[in-house]
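Okay, here's the structure, questions in a sec.
First chain written, first letter: the chains are A, B, C, D and E, and each begins at residue 1.
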């Protein structure tokens, strides 16, 4: 489903991704762990073409992200085509980026109505179902500024799910959630995986990784240090760096 | 998790008075009274302001130099009302068209397309550089400058030529000239607003697959409006009064129509008062309108 | 124009000829002597030589303009007022001011007298006092290829586009006579009033208007400066005066002073200097009734 | 955690070309070439724009109606330069003072103090309502309206009276009148900017114990500047040209000084061109300045 | 040190705090746990007088927050006095609220220089020490917008510490941090407690609570359900609600 090959990305002189190779199979949940600043968010952003890579290649569902290949040439895609690709990819940002001037309900229905051309009534019904699922049924009419941190995060998750994307990118989707809600989000993710949605989840919660992941990827300083099934990576890490990192879990 | 379940444990026996800030302590019988910060200075200042205002109003109303009789006489004469009508009509059109064009220019200026970017830059530069008087005179005198406009191969032969005299009447010239000018300024106001919106908002909208225009119309502009409305209000009121420049090309707006009278009768002060009162009236209405527009765009913050 | 300050009026009096700025600089004032009889008419405080504050509206030659340095005020208005003050033994403190600024300031006493090619009409006589010093009037200018004959009656203009300065007496005259076209079964004329003379003359040159109506002296000057235009004819005369606050005690003194200048020939020299001898008055008057044709 | 340690594992053997977007695949010998989106339309548009521009410039330069000889003759005459100097001087002072006063008004308008709030509201309302022409005439004629200003008990006896005739010279009047007017508009521009800054910023500054002015000067205003600078640039350029209103009180600015010439010589077009060229020159300098100011206040976003 | 008595607070018709009573002793670390939307952030904000309470009373160090008592009257404090109180209280916001136009270093030195009138050189030196401590020495000159989520959070912590406050309020200070950094922040908190700083920490990490807390407070729906030493509340909760909540921890 997702293939990341030799991806490099620098900000100024600082190389944040230093040759990332990663493969994510359809319907699998890949959890990315790693210390702060190791490039996890940046990697997710390149998959959604919010950052252009400096070199390397990313394909989603066999299609290059942001480019079209023909012979030995790569043609840059027009914005419209990139946007079409993006409706297939849901993104939950680390700091949510909710639309502050729209109500919770409008935040969620905006994309289905305008990007997928769903009838509004249908989108609203779907949004209410989603809100129910994340425990925010009664906040449909509230503005994001009036929500608690955890409530905002759940709206962000609902917003991404509303597009029913084939691929979901979660950047720390449970950072503001209490243990009960983490459990609920975990259920949602497992549900989605069962329905065939592919997911990449960046998280700091090892417990979450253990429960949710088919594959765990450990990144450090812009490279993938180790990857494999959670039982292997989390319990019998081969790399010294991974071991050091995991030993700090409280 | 419903936030206010019907029967939740309430560990404190305090009475229910959530609205008024009544402070209580469990052990004490009566809660202490809250005294707001003493604002003696504030009240004194308010009194002084009101007194000064009363004096100013009094001196205006009773001052003979203002000749209120003459003011009343001319306040609703047909010529003045016609001028007012023209001013309002022109302001509304110029503002609406100017802001539509200005928004397009602002978006072009901020786009990645270098051609759009420089055309927009050039437009803004040119129309901000040239005094509006000169622009109006240019359009009205286009007959002298370009006796004929030709359609044909650039620097080559022409197929079709049009005599330009009388191509544009004074009203059309006023409308075109002011609109083109306004658009350059509106573009900068809109751009200022767009710059104030966090980039994360655009990224979020992109990641949801929203198209360029939808993003602008639905996500970025509404948030930019908080910063746009106050200077746009300035521009609206500025345009209201600025339209009087069209008198140079024989279009009679409000100010010009009172000027015509006092040039004839030399009663300068009362006639300027007529115009001022009308301007103040319209401005008041517009200011009230601005207030409601601001409230609309600030609605997500209001009860916070 | 006689509508007020020259620049608002659109056009003023004729200059001495074509080409760029060649204003006459001959001194016609310094030879003037004080006339004790006239000075006696002044209020006591000013009788033995004092200072009088004067507001000058500056527009275009010949009535009032700046010299090439852009600072020195020159023109008929200045020469007449300086000479009259000299007859009265007064020194003039001259400040340039805009039309809107001058009139209220006369009322307050900030200025005691004002020049600005102010035409004397019945409307204005009700607001200010005037001491007349020249006789100008209304006339017409057209393009050289115009077929229009001498305009002796405004109905000759029926069906034409007429351009004139904003806020002038011409506009009033034209509007008053407009219904007469319809009475004669003709199409009425259109009146356009311009606040900016660039637009006024441009409209004539490009044919957007057929006739310009303005002050006689101003039209003569303007057609001299601009090729392809000609002066058509005079239509009506109007007195021009120094302006004072209503009920001023200064008016009789200035009237006597202007009469003195007429008698001693200074007046003729000034008019000759500015090429407007055709506009001479026989005697100065205080706020005379409007000349109606 | 240093982000770029000297020797880190680099699992991909790809060559180091982080600047140019060269895409590679490990198995392939040569990376495919990246072809940017074809922008045929863009280039065509650019060509058309340039051609039109060339035609316009050509027609302006070669058009005899513009009388370039006359333009050159008057371009640097002392009268014009004096007018320019006055325009620049007045613009600079009015803008600086107007924005200082305007910022205070904006802060007052947004403060919790009801007296400050309504005084500021009233000020803005009043000075936006009244045409600047009327304000200038008011100040210049203050002698006619209030022959004497008295210091004493309101509505009671006066201790000290000042004759107001000649209290204010035309230049002072121009400066006061324009500044008071400008401040009302500046207040709205600044307020628009302040509104665009997230409330969380103020709360964070409050929680750090920063005082009211420090918060404004150091935290809120610099962020508001992104939204303020473009409309403030508008105002600056508008003021530059708007100062010509002072000609009614016989202050000779740039535009008025050329008008005086063409009232004498009837060479309207070339003389207006003189003014236009000067305005364009100054505007260009100001636009460039605006660009750098914007870059300064956008520095934290620039390389993002 | 902190005494909270019968504090109530509503937003519109929604009562978020419904009579909170809480006492925090000097030099102790109080950890507040609770589901999303239970009012934890709101409570911290009232302690810093960023929200006015509707009824009830809060004292810090024996002094009423936002009021001065005299006889049976409560006088509202002027802003200047409130600000002086606040320099004694550090606050780390749930969503950081860094100043985006200031560099990391300027973010940290701003308050010491302007509110405490420290010499700039001294403040800069102290800031560098703090940055070292949170592992961001080399980011001193960066703007917040160029930092990863975890880096931003650490700057927010450093900014609050720079005032050397007597009381520190942390709203989920480790939500964006990886396990290693959580451990480091934990060390910092223990250090501060040893030096006598009082702290209230809102968190969702039970492990963190166990390690850091002297007292654990469990809130739900605007009331304190249970409080006591971590060993009691976390391991032998008396209330059903607490037990249900803790059972969900992964």
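Throughout what follows, contacts are C-beta pairs under 8 Å (C-beta built on N, C-alpha and C of every residue); 3 or more make two chains touch, one makes a residue touch a chain.
What you see is a predicted model, and the numbers here were worked out from it, not measured in a lab.
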Chain labels contacting chain B and also chain E: A, D
Farthest chain relative to chain E (centres taken as mean CA coordinates): C
For chain B paired with chain D, centre-to-centre distance based on mean C-alpha positions, whole Å: 16
Chain B-chain C separation of Cα centroids, rounded to whole Å: 42
Distance between chain centroids, defined by C-alpha means - chain A, chain C (Å): 82
Chain C-chain E separation of Cα centroids, rounded to whole Å: 81
Multi-partner residues of chain A (each touching 2 or more other chains): 11, 35-37, 95, 146
Shared-contact residues (touching 2 or more other chains) in chain C: 99-100, 104, 107-108, 198, 202
Per-residue multi-chain contacts in chain D, two or more chains: 1, 3, 133, 137, 141, 144-145, 268-269, 272, 301, 303-304
Of all residues in chain B, those that touch chain A in their complex: 1-3, 198, 200-201, 203-212, 214, 218-219, 222-223, 297, 299-301, 303-304
Chain B residues within the chain D interface of the complex: 39, 42-43, 45-46, 49, 51, 53-55, 58-59, 63, 65-66, 113-115, 119, 122, 125, 128-134, 137, 141, 144-146, 154-155, 185, 188-189, 191-193, 195-197, 199, 224, 226-231, 233-234, 237-238, 241, 244, 255, 268-269, 272, 275-276, 279-280, 283-284, 287, 294, 298, 301, 304
Complex interface listing, chain B residues touching chain C: 65, 133, 136-137, 140-141, 143-144, 165-166, 170, 247-250, 252, 256, 259-269, 272
Residue ranges of chain E in contact with chain A within the complex: 11, 33-37, 41, 94-95, 146-151, 154, 171-172, 175-183, 186, 204-208, 210-211, 244-246, 248-250
Parts of chain C lying in touch with chain D, wherever the complex brings them together: 6-7, 15, 20-21, 23, 58-61, 65-66, 68-71, 95-101, 104-105, 107-110, 197-198, 201-202, 222, 225-226
